[in-house]
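In the two assemblies presented below, subunit A is common to both, partnered first by subunit B and then by subunit C.
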Partner chain A sequence: MAEGRMPERARLERPRGDRGDRERNQALAALTLDPGSLQPAPRLARRKTEKIRGKHAALCFATMAVMLGLPLWWKTTETYRAALPYSQIGHLDSMLLRLRVPVSVVFIQGSLPIVDQQKLPFTVVNERDVPLKCKMKLKCRFQLAYRMAGSHEEKAFKKDTIEEAEAALPLPKEDTLGSLNIFVIPEKSSLLPKDKMSYIGPKRTAFVRGTQVRQALTVMGQRILQVAQSMSLTDEVLAAALGDRLPEDKVSLDKRRPLKSSLGYEITFSLLNPDPKSHEVHWDIEGAVENYVQPFLSLLSVVGNFSMDSQILYYAMLGVTPRFDAASSSYTLAAYSLPHVINPVEARLGSRATSLYPVINFLLYVPERAHSPLYIQDKDGARVATNAFHSPRWGGIMVYNVDPSAYNTTKYPVKVDVDMVPVMEVFLSQMRLLFGIPPPQMPENFLLGDPPREGLRSWEVDRLVWARTVENVATVVTTLTSLAELLDKIGNIVIKDNVASEVYRAVDAIQEAVVELSAGNLELAFRYSREAVTSSEKAFFDPSLLHLLYFPDDQKFAIYIPLFLPMAVPIFLSMIKIIVENQKARKDIEKVD
Partner chain B sequence: VAMAAPLVLHLLLALLLGSGGRSGAEPERDSLREELVLTPLPSGDVSATFQFRTRWDSELQLEGVSHYRLFPKVLGQLISKYSVQELHLSLTQGFWRTRFWGQPFLQAPAGAELWVWFQDSVVDVDKSWKELSNILSGIFCASLNFIDSTNTVTPTASFKPLGLANGTNHHFLRYAVLPREVVCTENLTPWKKLLPCSSKAGLSVLLKAERLFHTSYHSQAVHIRPVCRDAHCVSVSWELRQTLTVVFDAFTTGQGKKDWSLFRMFSRTITEACPLASQSHIYVDISRNSQENETLEVSPPPTSTYQAVVLGDRRTYAVYDLLNPATFSGSRSLNLQLRWKQFQDIGYIHYQPAQDRLRPHLLEMLIQLPANSVTKVSIQFERALLKWTEYTPDPNHGFYVSPSVLSALVPNLVGAKPANWEESPLFSTMFPVSDSSSYFVRLYTEPLLVNLPTPDFSMPYNVICLTCTVVAVCYGSFYNLLTRTFHLEEPKRSRLVRWLANIIRRIRGVPPV
Partner chain C sequence: MEQVQFLGPGMDPVSENRPHPVPSGESLHWLTLGEVSHGGQQCFLVSALWAPGMKAGPPQPAGSLPLALAPLSTFSKRPLSTAVLEALSAEESSKARNLENRLEIDGFPPSPLVVKDFIVLRGLCSPALGRPGQLLNGHTNNWAVLVCTSRFWFNYRHVANTLSVYRSVKRLGIPDSHIVLMLADDMACNPRNPKPATVFSHKNMELNVYGDDVEVDYRSYEVTVENFLRVLTGRVPPSTPRSKRLLSDDRSNILIYMTGHGGNGFLKFQDSEEITNVELADAFEQMWQKRRYHEMLFIIDTCQGASMYERFYSPNVMALASSQVGEDSLSHQPDLAIGVHLMDRYTFYVLEFLEEIHPASQANMNDLFQVCPKSLCVSTPGHRTDLFQRNPQNVLITDFFGSVRKVEITTERVALKPDPSSLGYSHLKCQKDEELTEPLNYAEQLPVAQIIHQKPKQKEWHPPGGFILGLWALILMVFFKTYGIKHMKYVF
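Up next, the complex of A and B:
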């Protein structure tokens, strides 16, 4: 094969050398002048060189297009996508969330058999799995640190009543958010009424009656655990936090009432006076806010920022006409019509112009004279004692009837001074429900201490913070996983550096929060979880994600084709030609062989 | 708001505190005054200017928790959050024609105008301005969010603060106009919501959107500024003025008569005053009455009149006090009417508005023209985009509006005898004329060629295709040149060709092939 080609090559060398125009013209002239002297061999050779040169040029084009054109096109039309921690986000989905509740258990002299007393101090850990529908795992871990009481504490229990004893107790070393102090008092102690087993105070303190039976520590452990659980991570708290992640049988509609976790809340008190011609209503909202609402909210300030304002709206009507009840000569709003009450009023309430926090509305409605007195009926047709109702995640409405004796006058409008105490009682209990702090439900043999002046027990706030932290963690996990999934699925989305950094920040914060939760530092964990929520929401709702979303592929190709088609077709055709020729040549050679 | 449940209260809260028993003896800290000025304009139109002024005796910025009564909460929050010193926002449709309508009380440019003085505590004025305009855009449903650095200016001499001001460092002033803004019902509704009596009582009852936007001029505005609380000016009050000016075309609403009434203009009447207002007046400009001795008549007769020099002119107003029960004593509602005593005949006007794609406009007027006078009849129209299939193949040529027709009976200069209609020449009996003292003429004007805006229908794709074709052609020839092999073919000539070639060669003196 090689031998066959060699002479041909040699002959080719020469004509390649003299390719000057003049020479070629002379050759042409010679050809035309003297056809007889035509030598077929050099002509064939020249044609072949031309062909090979064409082939090389075509190959050159193809390589240029592939090596230079395609990368250039790719690079210039590429969407910028910063790297994201996909694997870490993937792990979040199936992580283990361990909630550690540090409980210090203090035994007063005589509350335990002597044998058991000698075993103190030591620490017991009790862990409980919470079944979830998703891949995440949740464990509640109560860490009970047993010890004997010190002399100061002993002294406090010499008092007569339980409240005094509680007040006399020295401030515990660890009175942080989420921690609990449980004191075990002697079985025969008169501090607790006979039928009560335990007492839960307004702070993070509880008293449990001791026992002298055998295996006293095991028995006590169960009792203490029950108390600790009802002060921190009850089923209600978890249900409020996890919502639909819990299996269906654990969630009832009632538990979905609380407001979503947010950095802040705006509370608006509105007085609706639909009939200013008959009523001149005055309410002392300044005093009420100062005396009732602000102390209450100052306790909740851990959970978020609160801002308040009030307004009076005139000619603001309810959306439904109340029914006249002849028997009691009063008007009634039936339970089924209550959902229609809010919408028309809401148009007047004013938009939340200056902040993005959720607004909680509390409306005090003074019915017009033609419709008063007005009473709200519940589902069974009975009057609601408070004459109020609330709508989850929106707020509450209370109807305030004007004293009918006020109408015995000829001078209109009638002056109405609103008694703010019952109104604020209703609004504050509605506020508890809206924030997810329902009135605690304790077993029969538990004695519940009165709440302090401000209206909230410390451990109730703790329960709320537990719920909010777990909710935040769950929200962030959902947000991040769905964001990662979305970005992974749609390649068109631009991922800018700031979005990526928010995602990284959220992932870091959520991991910190999980670590702090398992270490029992509720406050820190809550702070981290809030940070994670902020960052993840910022990343998820970043407007830059939408920039290139609306360029479907078919439109892109409509733009590309007029350029790419005429460019690519000659290259492809010559490639095909070269391949076909090569195959043909190989076949010829095989034939020759 | 999906679900509402009656609340069964657990009165666990021990609200042991004494009731905050401050009685309502303290004076109200805010007041509302409302006013409507009706002015018959020289052109025969009627202008109505509403002003609602809410004054709030409160240092807005200093308080943590604000309590609002008459002052709208939304605006109050806005002022305190962005430390606004003064805010002036107007939304206007149409243009105040001073030549025909005289001086306005408060003119505003067409579109949206916003100018704000910030307090000197504001650090980043531009940022506050941007956020403020965005929020205002949300509140008033206007596209104020398009205000950015490209259309914002800081005037140094004009636009001084209208209210109390410590300093006038123009660094804290921002001014922007959006002339394209179209004002419509969705801007009026939030504006009305700011009124304490909403649109349920008092003058605001008249604010019916479908009538207010059926006018030649509509301008609504919000002005917020600090004012002195009393004569000593020790403390500051906030004043919110909501103004609304409309100019009604009295001819079209009144079937060619200049008379008007509240009901005819607003299709509402006033039944009661706003109980929250401390003052509620209607003023009707009757200045022309005194000049041209009793040319117009207002009913019901006003309780009092008010004279003042307004805009450099002595004016007389008939005053109606809505808070005075006597105003409503005659009937249950107040329907203010104005009638011109000297009936000015403007003939007959028939107008049939067009319906898109169904029928054209028709306007017929019967006018008696004075001698040696010029009468101009002009019609405003708007250029609109057609649907893209409705354009003719040469849309840039324009669209024709048919000529207008003038039919007139012109008095004869010379007296003529009544001619026999049958026997007269045909050219003189085209139009039957009953009276020989005048003759009939019908004139036509030129058709009007209107250039409508025409979109360039396929420009972008054309450009792409053209460029790509040019590139492809260059590339193709280049490619061919480089990859094709060019070589000489053996000349295979037929006998005829060779014969022809030989003839040519012989002529040229070249030896034949």
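Up next, the complex of A and C:
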């Protein structure tokens, strides 16, 4: 009610106020007019000085606004951007990556014609281009250093079998990551089976059969190169590392299997016991990890940190109910149903909240009594020997059947002791696949030495490190170039000093890595590339980088107009007035002239 | 075949032991009984079970094949899964007779007599599933970011929308660890909810989408533009747990579903801020630059939804919206008991479509574009595919809404030599450990005894009510005493 009455009263009062104002104004006008009409000359002069002063004031305001206000406004609304090495990042995109593999080639007495022996020692360099989709260039460079064998090495080759010979060899001077030692043995040597041309050992050593033909060195060069390539930089290795940078026809399905390069990995072993009423399952995971997994991972420790844990889950079911196969009175999981097995289990696996490293899961499933024995079938319906399967970038599952004779008892639950050796055999082979170390595929006439106890050959680790280094370099290049591109595209991203310093660090590290790669120091190169990845990821994912400053233009106007309009209108009007008056004055002068 | 799941309308759970589910009224029960292999193909059993006395044959799921003809007696007094398996194996053993022919002879669609005594088990078969062909789509994992941006009780439907999509993608196989669910309000615990701890998406409270296993990652005031953009771009604070992050990679297909109140070029978050289409487009570009997705499907159910995808410029993004610029998006299904609308029209029809999808179905994106014609939606749904590289016809719905893992069979095995000495040692150690461990007890979760027996809390001392008033009166009295009443005019 009060609000309603208010305007009414205001309306009543306004005319009165207006009238009062008008009267007062008229009175004032009369007052000011009167003396003006009496004394015109001083009044005019005063008015003129007043006008000039007003003009000066307006100009002063205008210059203040332009000289002080505009820069201040510009400075305060600017997004802070620390200087970044744009030109260096630009060069990264089209850089030349040269992978140098140092190979020392040792000829045993009698493996070369005498003529050729006299030419030794010397070094041959073989370079090969790898075609890429992008501007980056990749070259594999094998540096073969030929020399004759020393007396110690000669002695080793007097042994009977190739394994003994390898064991008797003196430790090579250069047994660093990525280097190779190839020994050329006489053509008639009995160390190798007749139909085999070369032998690749578990260490970084290989033996190649020599030849006595003319131009022996060129022939041998080809053979040695083939061995060296298959031990270090095969096409598969590069395909795994470069992913979408390779031309389409070279992309295989395999490349999606391995986990991406990361600083660390979490490995979880889980024992699933869906039927604790009938099975009391024990597994000696601690002993198995100590004996089999730890030695395996210690070889891989160059690649990243590993942390392991294990758990036992009760009443954890698979997502698919197996089918009963009457012929063998067993239950089967068909290949096509395997993709649906994982999801329901995964919900119960849990993950460590603290770490962001990729998690690799290994599940050992002991089927419930009603569904055992349980076998996995492949696509053709045949039983899988390992009774296991794996999923790329996720992990593996193995089904462990309880020995049926254990059920000949009245006492339940039956105590089951898991034999960890076959389990670990499967898990380790899955781990190899998940880390991108597929079982080596060698040409027919190659003899492959058995892997050592740990289950990994040294040169396989080297191949992984090569792949990871190249992958890291490629990742850093993409990250940095896309960061530069983003900053170019989206104007509102703030770059703080710490982000800039990370970018500088990444650029420095990647350049170091490239230098070390072309010098053949794989280990150093890998370390630098990892540093570069860490820094570049840190820079790209820095929380401060998130731009929340986007305002559409109409909103900007809405903010600025109330601020600027009251100030800008008088200044502009007075400026216009000054200009108009100036022009008028000039015209007057012209007229007078 | 224990995972028996009822889809479609009339969702009452049917117990395993009932001879056959009785359709309620006109509605029909579609069953997914799991997968079976049939003639070398993988089939999803989607069986239309029908009740005795139903006149016409039930509508058959498009593209399904009859797998077996099972007499009703098979189904009486035994678990459904066992009966189905038995029927299938009986059918396989009698391969001499062609089922299709037999059905034709029996008169298919079957005469009422046949309907009375038999059940035709039907299946959707696809040779593609689980074969490498599936993998040529190029993704190995699926992620979903589901966002509801509205608070307050009258926006119940937005929470229900999001939870229903959550339920669908989970049913189709995306695990919780790959879903980031953001709900701006907690409708299940709202004091105005007549049925606490539930959120319904269907009239008559038929379907509770707030089941036992809903994992909300960002709740109420955590749902902000900043958090949403941080999740997308990955620029989260280092302390963020894994479940609150989008840890996708270059092989991930991401589904982003958003619902809320929007306008031309923005979507409102929480009544306090909004995300603009430019911000969203920039966020997607940042994701693309860091290869955080392989392909992305963006769905938005809001007024003027099409304005949200206008500014996208990153490749491999397909976008759908419930309404064009200048149009409102409308709600659906008012519920008298709850007192608000339960869903939005567009999402309702999308979900109705998704209910028919199962992990092996071959429905493609073109089908999704047509789910809600203007006659049903009232608004005109829009879609944008120019940034997407593949033809929508070749993009399966399950490429985004489901997750079929790639699985390989392990054939190799590393030869290990057992180390008896150390194994024996660790056995010993294990036994020793067992002997040493004492029986475990649960820790006291709540100090109940303390709570019961504690003394009543002493009240804090407050000055009595009149105290302050009296104090002021005293001050005034002192003032007047000193200056007298005549000085009042200097005060006021």
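Definition applied: the second predicted complex is superposed on the first by the 496 of 593 C-alpha atoms of A that agree within 3 Å, B and C clash if a C-alpha of one lies under 4 Å from a C-alpha of the other, contacts with A are read in each partner's own complex, and residues count from 1 in each chain.
Following the convention adopted for this analysis, a residue touches a chain if its C-beta (ideal position, glycine included) is under 8 Å from a C-beta of that chain, and two chains touch if they have at least 3 such contacts.
All values derive from a computational prediction rather than experimental measurement.
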Touching A:Arg348, do we find subunit B (first), subunit C (second), both, or neither?
-> first
In the superposed arrangement, does A:Pro113 touch subunit B (first), subunit C (second), both or neither?
-> neither
Is A:Pro413 in contact with subunit B, with subunit C, with both, or with neither (first, second, both, neither)?
-> first
Go through the superposed model and pick first if A:Thr321 touches only subunit B, second if only subunit C, both, or neither.
-> second
So, A:Gly449: does it touch subunit B (first), subunit C (second), both, or neither?
-> neither
Subunit B versus subunit C as contact partner of A:Pro566, first or second or both or neither = first
Have a look at where A:Ala58 lands relative to subunit B and subunit C in the superposition and call it first, second, both or neither.
-> first
Touching partner for A:Gly221 - first (subunit B), second (subunit C), both, neither = neither
Could you look at A:Met308 and tell me whether it touches subunit B, subunit C, both or neither (first, second, both, neither)?
-> first
Interface residues of subunit A shared between complexes with subunit B and subunit C | 282, 284, 286-287, 290-292, 335, 338-339, 341-343, 346-347, 351, 353-354, 376, 378-379, 384-386, 388-392, 394, 396, 420-421, 424-426, 428-430, 433, 439, 450-451, 453, 455
Counting only contacts in the complex, subunit A reaches subunit C at residues 243-244, 253, 256-257, 260, 282, 284, 286-287, 290-292, 319-321, 323-324, 326, 334-343, 346-347, 351-356, 376, 378-379, 384-386, 388-394, 396, 398, 420-422, 424-426, 428-430, 432-433, 439, 450-451, 453, 455, 478-479, 482-483, 485-486, 489-490, 540-543, 545-548, 550, 552
Contact set on subunit B toward subunit A in their complex | 1-17, 19-24, 65-70, 72-74, 76-78, 81-82, 135, 138-139, 193, 196-198, 200-201, 272, 275-276, 461, 464-465, 467-469, 471-473, 475-476, 479-480, 482-488
Report the residues of subunit C in contact with subunit A in the complex, numbered from low to high.
-> 1-3, 34-37, 42, 81, 85, 89, 129-132, 135, 140-141, 173, 175-177, 213, 225-226, 229-230, 233-237, 241-243, 245, 247, 249-251, 265, 276, 278-279, 282, 285-286, 289-291, 359, 403-419, 422-423, 425-427, 429-430
Going by the contact rule at the top, pick out the subunit A residues touching subunit B in the complex.
-> 28, 31, 43, 46-47, 50-51, 53-55, 57-58, 61, 268, 276-277, 282, 284-292, 294, 307-312, 314-316, 335, 338-339, 341-343, 346-348, 350-351, 353-354, 376-379, 384-386, 388-392, 394, 396, 413, 415, 417, 419-421, 424-426, 428-430, 433, 439, 450-451, 453, 455, 558-559, 562-563, 566-567, 570-571, 574
